[in-house]
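Please go over the structures that come below.
Two complexes follow with chain A in common, the first pairing it with chain B and the second with chain C.
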Partner chain A sequence: MSRLGEHPIVDFDRGREVTIYFNGKPIKAYEGETVAAALYAAGIRVFSRSFRFHRPRGFFCAIGKCSACMMEVDGIPNVRICKVYVRDGMELRTQNSLPNAENDIYSMFDSMIDRFFPHGSHYKKFTKPKFVRELVTAQMRKFTGMGEFPKAELNEKGEYEEIETDIAIVGGGPAGLSAAIYAGRTGAKVILMDENPYLGGQLIKQTHRFFGSGRHMAGTRGIRIGEILQKELYELPNIDIRTETKVFGIYDGVVAAVEKDTKLLKIKPKKIIIATGAYERTLIFENNDLPGVYGAGGVQTLMNVYGIKPGERGLIVGSGNVGLILTYQLMQAGVEVAAIVEAMPRVGGYFVHAAKVRRLGVPIYTKHTIKRAIGKKKVEGAEIARLDENWCVVEGSEKRIDCDFICVAVGLSPAHELLYHAGVEMRFIPELGGFVPTRNRYGETTKPGIYVAGDVAGIEEATAAMMEGRIAGLDAAIKLGYGDEETVRLRDEIVEDLDEFRKGPFGERIVAGLKKIVVEG
Partner chain B sequence: MKVAIIGGGVIGLSTAYFLAREGADVTVFEQKYLLYGASGRNSGGITAMHDNEAMIELAKRSIELYEVLPSEVDFNFLFRQDGYIKVAATGDDFEALKEEVRLQNSLGVKSRIIDAYEVKDFIPDFNEESIIGGAYEPSGGVIFPWPVIWGLAKGCRELGVEIRDNTEVKEILVENGRVEGVVAGDETFRAEYVVNAAGAWSNRISSMAGVELDNKIIKEEICVTESLKPYLNQYLLDITTGVYLSQSMRGEIVGGILGSEADNLSTSSTLDFVFRYSRRAIELIPKLKGLALLRQWAGVYDEGKDGLPVVGETKIDGFIQANGFGKAGMSVGPAVGEELAKLILKGKSEKLAVFNPERF
Partner chain C sequence: MSDMKYLERGYIENDELPPLPSEERLTGKRPVAYIECPQPIPCSPCLESCKYDAIKMENINDPPEVIYENCIGCMACIRVCPGLAIFMLHIKDDKGYVTLQYEFIPWLKKGDRVKLLNRKGEEVGEGVVTWALAPERNDRTQLVTVEIPKDLIFEVRAVKRWEQ
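On to the complex of A and B.
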């Protein structure tokens, strides 16, 4: 059983017990948990098979962004089950496999397909004569596709709503919440949307006390910061809060979203603030798609949101703050951490976190990388190796680590799709974590009226995200005629405060990055 | 004989292929990359169900060519001849279908009128109440446009055709009423014939030669769902709303709405399209409701003022039009190339006569 019983910081109030069916087999679950979490707790690691090579697929990100966890749910194909909550009697089927994903006979393709049918050969092989071509094409077709055509008609009735508002905010993490609160306080009419059923973004997984300066809530646990912000938010009547609402496009200034999978929203705002946060990066190594290789966020979600242990013994790749914090969160939950590997010559995260981890007895291998994950259907171990000055593996330095999961914590990339869709100017700024938008000091991009705030504007941390959110929220409201001189002064004060905050040693990189992308205006 | 072809779409490449097969020295100019134009953005519906005699003849021949060309160029176009279905939701549209089927039958096309229940036999879960009736053509179906273009390009290169991508034609050289060549990129290319196969950009190209051309510009939007195991075999077009759908070889349900006239060449996508398309698609096949749309895009193509293509010689000697194919360019492309090669090399093509640019 891998459900956590007691946790020193989080209380898990599990809902009513229900039964769901996995390929016909009954499984116990609790209302309020996702299907992925329930299956995981029941020890199921393989949810489906991959499109071409029929490799096992489990869950990876736990936040609906990677599509690794797709299954057929009540006759509807390709459902990301890390985003779907259990319902009594739910029928789940594994996809793209025969007879099922655990024992898929087509998994033999994995070792053969490249030899006999390498990429592009569907155009280039068996092209003549005509009858051979037609026969092969017809057979090939049978192997394409992930799920089956819906067996049932989705019985939810589609709804539609048009909304006119002053400011539309996408993302309810610290940046979006702060933008909503500060814009809302000026009297502006705001709609705040987040695809999750809860607000708080990354904060809800952060059970640790925050780093940063005292004035900016350092010492407070991440989850509490989220709660404080939400309380402030709910005091404002002019904010329309929509959770489980995914924004899928920005068309000529119109924001398009789907609420609770059934309602289409067409929002016509005067200003838009994009605060969509970031994605986790992954690493290239052999078998990196094996169930049991996770992103840090996936593990945190599983453990801190659903109270489910990711495994018994883990390997952490990356010693930044996220990797270090995760390590002691795991140990807190009673999970063993075999080691941390770090490619750089020294630990990436803050000294306090590293010291704490070392005290707990976890070895940190610097100048090391993961070479491959070991296992057939799920992780059974990992091979790590030392790196030389040219970042090449030193032959003979390989070492096997026994573990049943691997957690990749190698940083984040801005979640910038909506910015591209809206057509704002984007540039690659390595210091900020990837492609980020050109903007002015208030966060307004090259598309007038479209703002950014938080990790999507550059990977930083929650304090800066909150300040950027406040600035964008205030500026958007001011430009719409809300507030007074006091509001303008407040905005400028926060701008200065943020500059001050970034003057520390950890702000250096960020400041260098911002120099390249923040313009006058 | 030297020929310069402007446009690396299905029309330009088919023409280049058949010219080179007869020994002509051909260069194709593509301003961006192959697949940039409508030929890389369409839904690959192939049919001989047209309402014009010459178009039907070209489409019939093209289907034959799509059956033999893949062997010739050694490239699988992924053409599935599982049939093409047109449906109508109004009595008038159904009458129009009946009339076109009579014409098609008189020219040897094996299309036939079917009722809503027969559509349901082809497409399980089809909502028979969403239409009045339809027409079915067994030899039509779905092709994957990308390998058509890649395969034609491969065939062209093997015959010695030079394909210059990222090379925009900026000027057409004309002396004493005769075309002399083109200026493309930074170079001048001499040629006895210049073919304007620039799709939606054809009006612009034509004016470079001083020849008036006033084709309509049409923008068409399209989208795909997630990929599924084989379900939909036929290509389905609702002529009343213009909504069409089919399933790609990768398994996605590919669907769009027949285009409408635009005043520019923008290929941006709209939310309105997503609304209109999904609403009608779900009426036709209600179970589509459970699927997610993954991507949407748009393409632009051109159409002659009277709805027919513009193909043939112009008042400038050697300047040939090959444009205005509207929503049927993929269906007639290969045969157009074959006929155009005849016109250029032998001075005559009966099948193209009605598309004469001087008809306006």
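On to the complex of A and C.
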């Protein structure tokens, strides 16, 4: 049984029991959980097949970023099932496979397609005469591509709303929530948008106590911080909260969004704060697309939000704080952790996080990497190997680890699409995790009035994200004439706290990155 | 970070331990806080929770330093430590007692027998729970005091429920 009953930290509050149909087979699910979570709990691991080679694909990120879980849902193709919540009687079908993704006849292509149809060969083979071309093209379209044309018709009425406001905030995670609260408290009119039906972003799966100073909620669990921030937010009447609202563009200072899939929003704010967070990175190794290889955050969602065990025995790749914390959380859920693998010569995260899993007997292999995942349709094991000084695998050092899932915890990349769309100056800063915007110390970018806060401004962690959110929220409000000297003093005090926070060895890298991208002004 | 050998292992060796409290303090009336947090990280809830000036930290990134003579064993710091790095140590009637943070189910209760683990996760003996704070009284981090052989108080850093 993969559903957790009791858990030391979280009480799983499952909704009404409903039935969904997966390729015609009835499956029990609970209202409030995503389709991906429900299918996973029912033991389904293959969610789709890859475009060309028909390799099995399954659960990976659980937050709508990876597209490995796309299915046909109630006649609509290419739906990311990790973003769709179960409804009684829902019909799910796997796409582009015969007869279904689990047992796909086309999977034989994986071993032979390159021999007969190397890349680009469809431009050369079977092109003449015309009837052969048409016949072959029609057949190819059946097994490649992205589903079939929609069978269902949308019958919702489209709506439209224009909104004028002081500050528009994109993203309701720790940074966005903090920005909204601090801007809202000055009296500014704020609209806060998040694509999920809940607020809190990734805080909803952080069951551990946060680090930092007590003034910034250290010692409190991430999930509780999410609750506290929301409570503070709902106390402010001047904040317009829009969940299930996807911002898809920023056109010359106008924010365009779709609310609950049916309503188009045209928002004209005086200031914009972008706090869209980050994506999980993956790692290149043989079979890294096999169902059972998951992003660390995906596993946290499955386990800490929906109360579903990812497996019985896991391997963690990466010993940053995410990998170490995840290891501990897996053990709290009663899941065994076979080992943690780290390419660097030392643990990447906080020592105390490593110590608390080490003393429970989890081995940490530094200077090691994962060589390949083993398994046909799902992970049945992994092969790890030692690395030499030049980061090359030491021949003969390979070792098999028995596990039924692998978590990749190798860092994040900023989710910066909206910044590019808005025309903000972006630069590649490796210390901050990728392309990040040029901005001043308050988070204002090269486009006046557009701010950034949180991981989208550079990968750090939630405590720093909250501080950045507060600074951006306060500064945007101050620039609009809200608040008084006290507000300015508060903003500057948080800027100082953040500087202090980053002064240790863990902040060195961040500070080095910020030096290259934060400008005066 | 050059000599942080403990980062290669994930645990500290005996020669890397923070200064030990005196025998006198250990055998005093109340337990004493012993913090195994050698690495500079931006974290200070222990400092902020201490009402007795028993924890020294100039900057938020400094590792905490315990003034053992000031520590009265009130357990305020061990309640909030996010790193599970604080242990309350005590020696009484020639028996050792370690209080640690515990976040697993089933929860422990007074009288439970437990296996004692060292920093590497190796079993080093058996102990008995003599006191357990109800988890709901500390946002589900249970505090558990375990009676152990007194020469193991600087060795035992985790407990595992005894599976019959």
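As a convention for this text, the second predicted complex is superposed on the first by the 500 of 521 C-alpha atoms of A that agree within 3 Å, B and C clash if a C-alpha of one lies under 4 Å from a C-alpha of the other, contacts with A are read in each partner's own complex, and residues count from 1 in each chain.
We take it that contacts are C-beta pairs under 8 Å (C-beta built on N, C-alpha and C of every residue); 3 or more make two chains touch, one makes a residue touch a chain.
Here the structure is a predicted model, which means the values were calculated and not measured.
After overlaying the two complexes on the shared chain, residue contacts for A:503 are found with chain C alone; chain B is out of touch. In the superposition on chain A, A:441 contacts neither chain B nor chain C.
In the superposition on chain A, A:208 contacts chain C only, with no contact to chain B.
After overlaying the two complexes on the shared chain, residue contacts for A:516 are found with neither chain B nor chain C. Legend: residue contacts after superposition of the two complexes on their common chain; A:281 is shown touching neither chain B nor chain C.
Residues 1, 4, 6-12, 36-45, 48-49, 59-61, 80-85, 103-105, 107, 117-122, 135, 139-141, 157-158, 160 of chain C are the ones touching chain A in the complex. Residues of chain A touching chain C in their complex: 6-9, 208-214, 218-221, 224, 331-332, 345-347, 350-362, 364, 366, 463, 500-507. Considering their complex, residues 51, 75-78, 122-124, 126-130, 133, 136-138, 140-142, 144-154, 158, 249, 251-252, 254, 256, 264, 266 of chain A touch chain B.
Listed in rising order, the residues of chain B touching chain A in the complex are 67-68, 70-71, 74-76, 78-80, 125, 147, 150-151, 226-232, 249-251, 269-271, 274-275, 286-292.
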